[in-house]
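Report on the structure given below.
All chains are identified by letter, namely A, B, C and D, in their written order; residue positions are counted from 1 within each chain.
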Amino acid sequence: MRSFLSHKKSDYFICAAVMLLLSLGLLSSNKYTLDILITTVYFCTIASAWNIMCGYTGQLSLGHGAFLGLAQYTSTLLYTKMDISPWLGMLAGGLTAMLLALLVGVLALRLKGPFFALATIALTTILEIFAVKFDGITGGSVGITIPYNPSLGNMIFKDYQPTYFLFLCLLALVLLTTIYISRSRLGSNLVAIRENDLTAASLGINVFRNQLYALMISSFFTGVVGTLYAQYVLFIDPAGSFSVIVSEKAALISIIGGAGTVFGPLIGGILLAPTEIFLRTWLGSTYQGAYLIVYGVVLIFVILTIPNGIAGTVSAYIRKCNCKTEQASGDD
Amino acid sequence: MKKLSWFLILMLASVTVLSGCSSSTPANTAKPAEVIKIGVIQPRSGPLAVSGEDSYWGTKIAIDMVNEAGGIKGKKIEAVVADVPNAGAAQNEVNRLIQNEKVKVITGIYGSAMAEVAAGICNRNEVLYWEHISVTDRLTKQGYKSVFRMHINGSLFGEQAAQIAESYAKKIGLDPTKATVAVVSENGDFGKSIAAGVDAYTKKAGTKIVLNELYDSKTTDTSPIVLKLKASNADIVIATSYINDGIDITKKSKVLDYSPKIFLGIGSGYGLAAYGKSLEKDAEGMIDLDPTSTPVLKNLDPNMAKAVEEFQKRFKAARGYDSPTVGYLAWQATWVLLNNVIATAGGTDNLAAMIKAAKELDIKVGSLPTGAGVKFDESGQNTRAVISAMQWQKGKLVTIYPDYLANAQGIMIPLPAWNKR
Amino acid sequence: MLLQLIVSGLLLGGIYALLSLGLSLIFGVSKFTNFAHGDFVMVGMYMAFVSYGMFTLTPYFSWPLVMLGGVGFALLLYLVARSTIEKSGLNQILVTLGLSMVLQNTVLLFFKSDYKSIPATFGSSIKLGTVFISTEMLIAFVIAVVITGGFFFFIKYTDTGRALRAVSDDRAASKLMGLPVNLLDPIAFCLGIVLACLAGALLMTVYPTTPTIGSGYNLIAWVTVVLGGLGYLQGALFSALLIGICETVSGFYLGADLRQAVYYVLFILVLVFRPQGLFAGLGMKKVKR
Amino acid sequence: MLSVQNVTKRFGGLAAVKDVSFEVETGSIVGLIGPNGSGKTTLFNVISGVYPLTGGTVTFDGRDISSMESSRVANLGLVRTFQIVKPFNELSVLDNVVAGAFQRCRNRDEAEDKAMVAMKMLDLAQYKDTLAKNLTLAAKKRLEIARILSTDPKMIMLDEVMGGLNPQETEQLVETVHRLHELGITMLIIEHKMKCIMELSSKVIVLNNGQLIAMGTPQAVVKDPEVIKAYLGADYNVESY
């Protein structure tokens, strides 16, 4: 089952333990190891943010790339053109992403299933086209290179540890928010909406408004982590920023890990992000695209056999064990 | 929940171990000083993989040939190959090559986004970055110390293209200041930087640009573009395209019975084998501006000529078709890198020596198969990279301009109407 | 000029009609959301390419092979997706996204990423007044029209067609009436995918192909289906033509780099403000879900 | 408490509910009966805001709710169950009820306590951690009631909650409804089981073909010739126990 609604304080403990383990990476100074960790945490965070909207409410967004890209362009342009520190740019990026989410939500949230997904894909593509078209502002398809001036204020660092640390903080923030939401009224409402929106409304849950909140929170974090990633790679371009692939990956990671669970996206990210890198390194240079076949097959397999993902299946198993012991003592 | 947390912890531990392993193994296997490691990055999957793969083979064949000739100072070259389909992968793989594989030289890449990311990281880590394809101007305008580009940059490309256009205009008796030019370009960085170069040059030369249109290269139907060209009634058309759109523009030109006096195609759109194959006789007379892919061997230094011949043979064996321009670009860039830079510097251990060797290079124009020479300016841009005009004649590309590279005479200039071809 | 643009657009739209009809049918009958539809177009293109390479059959002659292959791929899709029919639409999307990844990259593995094309058979054009019509496009268009006509005949006048319409109209009721829904699903899949593959084969006469070309066609197919109104087969037909015209006209007047944006904006507007499609209520008989 | 005035609902040209007016007094239990397809559920949907109404007004607790969304209607304290049970299948019973309870509380502990109270009242406490989809039909029906109960409603509308239950289960549920009534909750009940209606309601409304054909005490209504004709005219499906 989807144990999104966690009742236990132990979630905070797990969260702390995971963060502690991940932060062991800070001891390494190997940039490749750190890059893998950063990429992993980046995808964990995006997937977790995606999960807040989509795992909860069951609305499939393939347009988180739109939020990501808009935020990246906001912060990068603020930094490169007006010299505003990425620390502020990060917030600005998150907020613009949120504004876009508000607009998208008002327009598209009444759509269901494939149509919401399609509308979000279309939106991402439109933004990409505009980013290419209005090259006076965005630099067009050539993208923007962020000058390498390492300093704390510029959020650019010589070594990767500080960046990794920032990513970890963000992941922790998203996880804590997720845990908090999962215990809150919003979480309860969202899950109710996912299960049956008509019934949810009949209980007094405003379907539209709750979904909108979720979308805005989700897009905010997506935007923030996107700006951080831009400051890490030091380069953005329309094709990379407004990419449907990023959204697809977020979805893939969440779903394989267990969409609608607190730790599903984390598990998915930790499993898939390094796997992708290793597969690309091993297979990529001899069998073009072979790692994507593996990805696709895994996705199909997971959806068909364990639609609740790893976390969902594991916790269902745990529940089963608990139920057995309960049934032994109680009647019925 | 407890079990879940154990599960998580276990998984994390295994990931840590895994990434630990991957970072420690190469250190054990690296045998110092026996081989010279060179990082080779190309997009070998994803949307850029076609030309990425051609470029990869260009580089690989150059390395193989150097190795078979005994390597550099007795040391074999080992290519550490990475598939880099996007900017994120560039970040990851370049770090892997530098950190784990301990390469000191990286060469690549088809795709400017990846080139920019790779060059940035290389420069920061004091690794030589040797670019052989990407044309974005900005790559060499960031003040990087260890970044060199063998290929021409976009604005020079555009400038030379406009120059070629001008010279052809003169040839057919058009006054450059009265002739009209239409520029259509795919809206990626390639098309845009070239369009900008053309624009800058024609302004100087006083030629009038009557249409400057960008389009999406993924577009399926180019008839609106051809109709716009037709409506503009320009004497000269300079079109920058990838292959799909390039083929379609030509097809639609025929369908819509459009032939300007001079049509200059730029980029893979008009130069790849697929172009000739799918257009057959309709390709006849079409001009492609690019570094030549039909070198005139007798003009080259005999040793170079032999090497180029060998390369052509191997490329055909590996890929099944004659090397396109990117193959030559990759091959000659790698060839120069190995024989003239690394060999002079005595290996890859000393970055300063390699930079010095590169900066001191003085190879005259026409020495390399694409007609280029090598002389880097302060920013690391090769100032002696040239483009040429190639033309489809009897199903094959031949070089018709400049004269010192030409192996055939230009035909069908100005272009006759379609029914007279 | 406008006339020329409209004619070019119509010709393009004719081929779009083939891919969207198939999508519309599968969506109508099986309530199945296929996000890999464009990839079947790509597969169709490659099948046409292979038949040309192996037997020098142009797509005008290799269509039986393409159809046969299409049936095979349809059954593959059906096998993979069967368990998600009548279940969560979300899972259908995800499964087909996964399938799309597998298809694209399998093709990449076997054919590499080069552009594959076959030489034009005619490559000329016909001039009607001031309007030029590409022979290739015209033939493709005529074939598309014939296939579409045949398809509508099949849907209207055969028992299977009637059954498909009934299931499309009301799946639950059709089940209660004893219609073999489990048999009709694979039939709808086969028809739909075969149409997509045929569209691919026709496109192959005009455009080169690469493994990733399908994503674009996938979106076009969906845009068309939504504009036409879900499950309205005739609607899909008209909107395909409309999209074709919209592409050429906006490409000319607005700029060739904005034309995708035009129909995506149109798409979003229709989704949000007129979810029943552009043509609903215009006296069109519905083959609705 | 609830006043329905001249309510009409059309689907296309077809009027599912025609010009229906009635009142539900505070603290009463009103039964709503009629043959299949007579428009009972449509009336529920119109009152609870699932469908917008075509004509007429609905007032609840002194406020016009005619054009209100269902979630706002529910927030005012008027909630309903569905004829075909719609539990949140993938959630535990507790989470199902908590979803309702959260409409009145801010934090989770409070919501859980409230939910437990409602669950105890409906004999669901022992299934706390069971997934809703694994419950028996009877338990699912009780779950529906527990869920709406936890929203602290002023009035509830029950749509055939006894349908498909065996006599014993029915009896238990009637018991429960009585207890809820004692808590001061006003009720409007659709029910086919005449015995339950007779036992529970103080007033019965009869719909046929979307029109109100009779209203009054249960005893009076069953003797009404109009009503008998309606039921005999349609399939005679008033279950007799």
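The working rule: a residue touches a chain if its C-beta (ideal position, glycine included) is under 8 Å from a C-beta of that chain, and two chains touch if they have at least 3 such contacts.
From a predicted model like this one, the values you see are computed outputs, not experimental measurements.
Chemist: Return the chains common to the contact lists of chain C and chain D.
Modeler: Common contact partners of chain C and chain D, which must touch each of the two, are A.
Chemist: In terms of Cα-based centroids, which chain occupies the most central position?
Modeler: Chain A is the most central one.
Chemist: Taking the mean of the CA coordinates per chain, how far is chain B from chain C in Å?
Modeler: The computed centroid separation for chain B versus chain C comes out at 36 Å.
Chemist: Taking each chain's centre as the mean position of its Cα atoms, how many Å separate chain A from chain D?
Modeler: Taking the average C-alpha coordinate of chain A and of chain D, the gap between them is 41 Å.
Chemist: Could you work out how far the Cα centre of chain B sits from that of chain D, in whole Å?
Modeler: 73
Chemist: Cα centroid separation between chain A and chain C, in whole Å?
Modeler: Distance between chain centres, rounded to whole Å: 32 Å.
Chemist: Among the residues of chain C, which are close enough to touch at least two other chains?
Modeler: If we look for residues of chain C contacting two or more partner chains, we find 105, 108, 112-113, 255, 257, 260.
Chemist: Where in chain D do residues touch two or more other chains at once?
Modeler: Not one residue of chain D touches more than one other chain, so the list is empty.
Chemist: For chain A, write out the residues touching at least two other chains, lowest number first.
Modeler: 129, 132-133, 288-289, 292
Chemist: Which of the chains are touching one another, listed as pairs?
Modeler: Here the touching chain pairs work out to A-B, A-C, A-D, B-C.
Chemist: Can you list the chain C residues touching chain B in their complex?
Modeler: 1, 4-5, 8, 12, 105, 108, 112-120, 123-125, 127, 132-134, 137, 206-208, 210, 212, 216, 247-249, 251-252, 255-257, 259-260
Chemist: Hey, which residues of chain B end up touching chain A in the complex?
Modeler: Touch residues, chain B against chain A: 1-5, 7-9, 11-13, 15-16, 18-20, 22-23, 44-46, 49, 53, 81-83, 86-89, 91-93, 95-96, 98-100, 112-113, 116-117, 120, 123-125, 136, 138, 142, 187-189, 192-193, 216.
Chemist: Could you please specify the touching residues of chain C with respect to chain A in the complex?
Modeler: 33, 35, 80, 83-84, 88-95, 97-102, 104-106, 108-109, 112-113, 211, 219, 222-223, 226, 255, 257-258, 260-261, 264-265, 267-268, 271-272, 275
Chemist: For the complex, which residues does chain D have touching chain A?
Modeler: 48, 50, 69-72, 74-75, 79-80, 82, 86-92, 95, 98-100, 102-103, 105-108, 111-112, 126, 129-131, 147-148, 151
Chemist: Which chain B residues qualify as touching chain C in the complex?
Modeler: For chain B paired with chain C, touching residues are 45-47, 49-50, 53, 184, 187, 213-216, 218-225, 227-228, 231, 243-244, 247-248, 251-252, 254-257, 272, 274, 277-280, 282.
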